[in-house]
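Per-chain numbering from 1; labels A, B, C, D, E and F assigned in written order.
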Amino acid sequence: MTQMLTLAGQNLLTPMILCFALGLAAALARSDLSVPEAAAKAMSLYLLFAIGFKGGVAVAAHGFDGHLFATLIGGVVLSFGLPLVAYALLRTITRLSALDAAAVAAHYGSISIVTFVTATSVLTGQGIAYEGYMVAVAAAMEAPAIVSALWLVARSGSGARMDAKLWHEILLNGSIVLLVGAFAIGLTTGEGGMAKIESFIVSPFQGVLCLFLLDMGLVAGRGLRGAKGVLSVGAVAFGVIMPVIGAAFGCGVGLALGLSTGGLALLMVLAASASYIAVPAAMRVALPEANPALSLTLSLGVTFPFNLTLGIPTYIAVAQAVTGG
Amino acid sequence: MQTHAAKRVEIIIEAPMESRLTDALITAGVTGFTVLPVLGGSGRSGQWSREGQLGRAGMVAVICLIRPEALDGLLQAAFAVVERHIGVVSVTDAQVLRAERF
Amino acid sequence: MQTHAAKRVEIIIEAPMESRLTDALITAGVTGFTVLPVLGGSGRSGQWSREGQLGRAGMVAVICLIRPEALDGLLQAAFAVVERHIGVVSVTDAQVLRAERF
Amino acid sequence: MQTHAAKRVEIIIEAPMESRLTDALITAGVTGFTVLPVLGGSGRSGQWSREGQLGRAGMVAVICLIRPEALDGLLQAAFAVVERHIGVVSVTDAQVLRAERF
Amino acid sequence: MTQMLTLAGQNLLTPMILCFALGLAAALARSDLSVPEAAAKAMSLYLLFAIGFKGGVAVAAHGFDGHLFATLIGGVVLSFGLPLVAYALLRTITRLSALDAAAVAAHYGSISIVTFVTATSVLTGQGIAYEGYMVAVAAAMEAPAIVSALWLVARSGSGARMDAKLWHEILLNGSIVLLVGAFAIGLTTGEGGMAKIESFIVSPFQGVLCLFLLDMGLVAGRGLRGAKGVLSVGAVAFGVIMPVIGAAFGCGVGLALGLSTGGLALLMVLAASASYIAVPAAMRVALPEANPALSLTLSLGVTFPFNLTLGIPTYIAVAQAVTGG
Amino acid sequence: MTQMLTLAGQNLLTPMILCFALGLAAALARSDLSVPEAAAKAMSLYLLFAIGFKGGVAVAAHGFDGHLFATLIGGVVLSFGLPLVAYALLRTITRLSALDAAAVAAHYGSISIVTFVTATSVLTGQGIAYEGYMVAVAAAMEAPAIVSALWLVARSGSGARMDAKLWHEILLNGSIVLLVGAFAIGLTTGEGGMAKIESFIVSPFQGVLCLFLLDMGLVAGRGLRGAKGVLSVGAVAFGVIMPVIGAAFGCGVGLALGLSTGGLALLMVLAASASYIAVPAAMRVALPEANPALSLTLSLGVTFPFNLTLGIPTYIAVAQAVTGG
C-alpha cells in the first residue's frame, strides 16, 4: 500500500501528469489557453504512429511468441464483455436510461489509446518490459464493445442504426488503421527501420505526450465545466469504480494468458480505460438520442484522470505483485 | 446581370453524419454542395467548441444551391438523415448566376 | 415538406468579442447559434488575413436562426456588443425545418 | 431596430482565384467582404476535400454585403473573374444594421 | 562600439535572424509563402512550454535566491511605468490621438515573449548565464501595462471598457497560463523531469524558433505592406527610440536589483520589447476605437526587428559593461 | 538487373515507402484516416526548409565548383523541353484534348520536391554524395515548364490567361521562396548555423518524411478513388513511361554537365518527377478549362508511387553504372 502510494506520488509528479493537470486547471479557470484542433490531431497521429511502430519493431526483434493471437482474442473477449458489466453497474447505481447506459458502456468496453501510451511510458521509465504486440491488442479492443452496446440497446427495444457503412467506419477508423499499419511497418522494417526514424519517434516522444496531455486536460476541463448537472454522484462513482472492475477483469484474463508483468499491467490499463475518440463518433451515428456530453465527460473528465494518476501505478503494482515481477 | 431564382439550403449537422448526408443529397439528385467548417456553437444539447478536439467531433455546415422545384426532394432526403440527430436545416430564397450549372 | 418562417442573422465580429456576443445572445434568450471561422476579409479598417497569426486575432461569423418575433431582441443584444466594434450584422428571411427546436 | 435593405452575395471560388476576385471586387467599388474557409464539396467536376492537401488547393467562400444598387456592378466584376472557372455565385436579399458602413 | 557591431554582425547572420528576414522579404515581395495559423499557434505553445519549463528547472537547480520576488516587483513596476513614458513620447513626437497613443503605450509597457526567447537563445549561445526565474518576470510584465494605458485613456476622458471579464481574460490569457504553468512544472519535476523531455524541449528548440521567426517575418511583412500611410515618420522613430528608452529603464531597475549579467540583459530586453499577442486582443475589447493596425505594425514591424537585430546584442553588451560580466 | 531489383526491394521495405503505401491503402479502403491540412502544410514547410538549408550548408562547405550555373541552366532547359516531349507522347498514346495534354505536360516538365527529398534520403542512406546545389536546381526547374505548356496551348489556338500577376505567383510561390531562402541561409551561416539547428533539421528528418508520405499516400489514394473513369489506359501508361523518358533526358544532360553519381541520380529524379503543388495552382488560373483531377491523379497517383518504388532505385543504379560511381 505504502509502495503504491509512493508510486502514485512519483507518477503524479511527472511532467506528463502535471501537464494534464495544468490543462484541466486552465480550462476550469476559463483561461483561453487552447491547442488548435489541427495540432491536437497531428500529435495524436504522431503518438499512434510511434507507439504502433515501436510495438512492431519489438515483435520483429523477439519474434511472435505464440501468445499474440491468444492475447488478441483475450482482448476482444474483454471488449465484448465489459460493456455488459458496465451496463449492469450503471443501471444499478445511476438513473441513466437504457440508451444512455448502453452508450456509456460502449465507451468503457473500448479503450483509450492515450492512457495506454502513458502507461507504456511509465513502464519504460521503470524499466519494466512488455510484449510489443500489446499495441495490436489495443487496436483489437477498440470496436467489439460497440457491438455489445448496440445489442443491449436492441434488446431493450430502442432502435439503433447499425448498417454496413457504420461497420466500415468503425473497423477502418483512422486510429485503428494507423496503429495497425504502423505496427505492420515496424514489424516489416525491424531494427533497420527503427534506426532510420528513431530520433523522430523515440527521443521526442515523452515531450509530445506532455503537450498532448495538456490538450487532453483542456478538453476534459471544458467538458467538466459544461457538464454541470449532467453528472450525477452515481455517474461519477461509476467513472471511478468501473476502471477498477475493468482492471480486475483484465488482470484475470492476462494471468490466464500468462502475460509478462508489463503486458499484464497494460492489459489491465486497456480494460480499465474508456474510449473518447472512436466510440463517441460511432455512438453519434448509431445512438443519436444518447447524450454525448455524458459519455465524454465521464470517460475523459473522470476515468481518464483517475487512471492517469491513481490507476496506472496501482495496476502496475498489482501486476508486479501477482506475477512476482 | 441575368440571375435565376434558386434556393439556398444550409444544413448544420454533426461531423460523423456528414458523409451520410452528402450521400443522401447525391442520391436525391443534388448536383452540387459545399461543406464549411464550424468552430463551435450552442443549442439545446449545450455549448461546444472544436478546439483541441480529436476524432470526427463537432459539426459542419453543408450549403446547397438548387432550383426551387428540387427543394422538396432535397429536404426530404436531408430530413431522413438529420431526423434523429441534432442540427438545423434552413432555406433561403436566392438568385444565382449561370443557372445552367444547377 | 413543412417549413416555418425564421430569420437568419449573421454577425461577423472580432474574435476577442466572440464570447461577449454569445453571452449576450444567450442572455437575450437565443436558443442556439453556430460559429464559423473566417479566413480574412476587407473593410474600412483595411484588409487582413488569418494566416500565421497568433492570439485571438481575426474575426468569426456567428449564425443564428430564430423565430421572426425574436429578431428585435436579438438585434438589440447584438448591437449593444458590436456597437463600438468593427464588424457587420445582416438578417435574411429563411424557412426552417423542425420549428419546435427554436 | 432600424435595418436597411442590402444584398448578400456569396461567391464560392477556387482558392488560386481568390485574390483575383477580391482585387476585382475592390476595383468595382465594393467596400468590404469576408472570406470563409471551405472544407470540401461536390459539383460537376467531382467531389473534393481539403484534408491533407498542399498548396492553394480547394475553394473559399467570399461573402459580400452591399447596397442593392451596387449589386449589378459587383456581379459584373465577379462574373468576369469566375466566368471560365468552376464555382457558384448566389445573391440573397438581406437587411443590415449600420448601413452607413456600406 | 566595434565590439557591439561585431556582436550585431554575428547576431545578424544566425539562422534565426535570417529566417525572420526571409519571412519579411517574402511578405513584402507578395510571395504566397505562409505558415498555417494552427502551425504558428502550435509553435508558440511549444516555445512557451519549453522556455517556461527550462526556467523552472533552473530555479529548482539553483534554488530561489531571494531576488525572485524583488525582480518580479521590479518587472511589474516597469510594466506599469513604461506606458506613461511611451505615451508622453508619442504625444510629443507623433500626432496620434490620446486613444491611439494609449493603445500603443500599452503594447510597449508589456513584453514580447519571442524577443525574450530569442535573447535567451543568444545568451546561451554566448555562454552567459541568467536567472531561471526571468520567465516568471516575463509573465508578470504582460498585464500591468494594460492598466496604465486604460488609466491614461480614462484620464483623457474617453471611455474604456474595463470589466471583470476583461480582467479575467488578461490575467488568465493562454500565454501567461502556459508560461507560468510550465515554469511550475519545471520547478516541481526538476532535473528528473528535464531528463524525460530534454530531447523534445532542448535539442530542437532553436530550429523551431527559426521556423517561428519565419512566420513572424511573414506576419510583420504583411502588416507593413498593408500599413502604407498608417505609419508616420514620428511613429517609426518612436518604434526605434522607445525600446532603447525601455532598455535604459530596465537597466536601471536591474542594476538596483543586483541581477546577473544575463538576467540584466533579459530585463532590458523585456522592457525594450512590445507585446503583439495579449495586449492587441485586450485593446480590441477595451479600446475598440483605437487603430489595431497601428500598434501591431509598430510593435511587430518596427520594434521587433530592431530588437532582434540591433537591440539584443546592444543590450547584452551594455549589461556586460555595467556588470563587468 | 538483379542488383536493381534488390535495390528496389530494399527501397520498398523502408518505413518511408511503407508509410506511403499505408496511406494509399487506407484511402482506397475508405478509412477516415486523415492528416489535417495545417499539419500537412507544416510538414512541407519543415521539409523544404531542411532540404534547402542542408544544400546551402553543403555548398558553403565545398565551395561553388563552377558547375552550379551550368547545372541550373541544364535544369531549366530540361524543364522547358520536357513538356514538349510529354505533350507529343500524350497526343500520341491518349485521346486527351490539346488543352488537357498541355496541362498534364506542364506538371511533368516541373518537379516534385517530395520525390527529390526522398531520393536524397535514399542516397544518404547508401552513402552516395551529391552536389548541395541540386536543391537550387530543383527550385529552378519548377516554373519553366509552365511557360512551355502555355505556349503549346497558345499555338493550338485556345486562350490561356498569362498575366503579370500569374508570373509573379509562379516565380514567388511559397515553395520556391522557402527552398531558395533556406538555401541562402544555409550558405550564409554554414557549419555554424548547422550546429545550431542540426537536431531539428537533421535528426527527425526521415521521421517527418514518413508521416508526410503517409499523407501523400492518403491524398493520392483519395484522388485515385475519385478518378474512376478519368484515367484511361493510355494515360496510366503515360504516367509510367514519361518518368523514364524524363530520367533519360536528365541522364543525358547530367552526363554532359559532368555531375557526380549522386547529382546525376538527382537530376534524373527531378526530370522524372511531376509537380503537384505549384503547377496545379498555376493551371487553375491559366487554363481553367483543363481538368485538374486528371493531372493530379496522374502525377500523384501514378508517377509519384512509380518513382518512389521503382524509379528512384533504378535511376540511382543507372547513375552508378554510367558514372562508374
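Everything below uses one rule, namely that a residue touches a chain if its C-beta (ideal position, glycine included) is under 8 Å from a C-beta of that chain, and two chains touch if they have at least 3 such contacts.
Predicted model, so just to flag it, every value in this text is computed and none were measured.
J.: Any chains in contact with both subunit B and subunit D?
T.: Of all the chains present, those in contact with both subunit B and subunit D are C.
J.: Shared numbers divided by all numbers used: is that above or below half for subunit C and subunit D, i.e. same or different?
T.: Mostly different residues: under half of the interface numbers shared.
J.: Using mean CA coordinates as chain centres, what's the subunit B-subunit C distance in Å?
T.: 18
J.: Find the geometric centre of each of subunit D and subunit E from their Cα atoms only, then give the gap between the two centres in Å, rounded to an integer.
T.: 38
J.: Could you please state the distance in Å, as a whole number, between where the Cα atoms of subunit A are centred and where those of subunit D are centred?
T.: The answer is 45 Å.
J.: Using the touch rule from the top of the page, what residues of subunit E touch 2 or more other chains?
T.: As it turns out, subunit E has residues touching two or more other chains at 32, 34-39, 41-42, 169, 199, 203-204.
J.: Subunit D: which residues touch two or more other chains?
T.: 36-37, 56, 92-93
J.: Return all touching chain pairs.
T.: The complete list of chain pairs in contact reads A-B, A-E, A-F, B-C, B-D, C-D, C-E, D-F, E-F.
J.: In their complex, what parts of subunit B are in touch with subunit C?
T.: 10, 12, 36-44, 59, 61, 72, 75-76, 78-79, 82, 88-93
J.: If you look only at subunit D, which of its residues touch subunit F in the complex?
T.: Residue positions touching the partner: 14-17, 19-20, 45-57, 84-86.
J.: In the complex of these two chains, what residues of subunit E are touching subunit A?
T.: Its residues touching subunit A are 36-39, 41-42, 45-46, 49, 53, 168-169, 172-174, 177-178, 181-182, 184-185, 188-189, 193, 196-197, 199-201, 203-204.
J.: What residues on subunit F touch subunit D, complex-wise?
T.: 34-37, 40-41, 44, 161, 165, 169, 215, 218-219, 222, 226, 276-278, 280-282, 284-285, 288-289, 291-293
J.: Tell me, which parts of subunit E touch subunit F in their complex?
T.: It comes out as residues 13-16, 18-19, 22, 25-26, 29-39, 42, 125, 199, 203-208, 210-211, 214.
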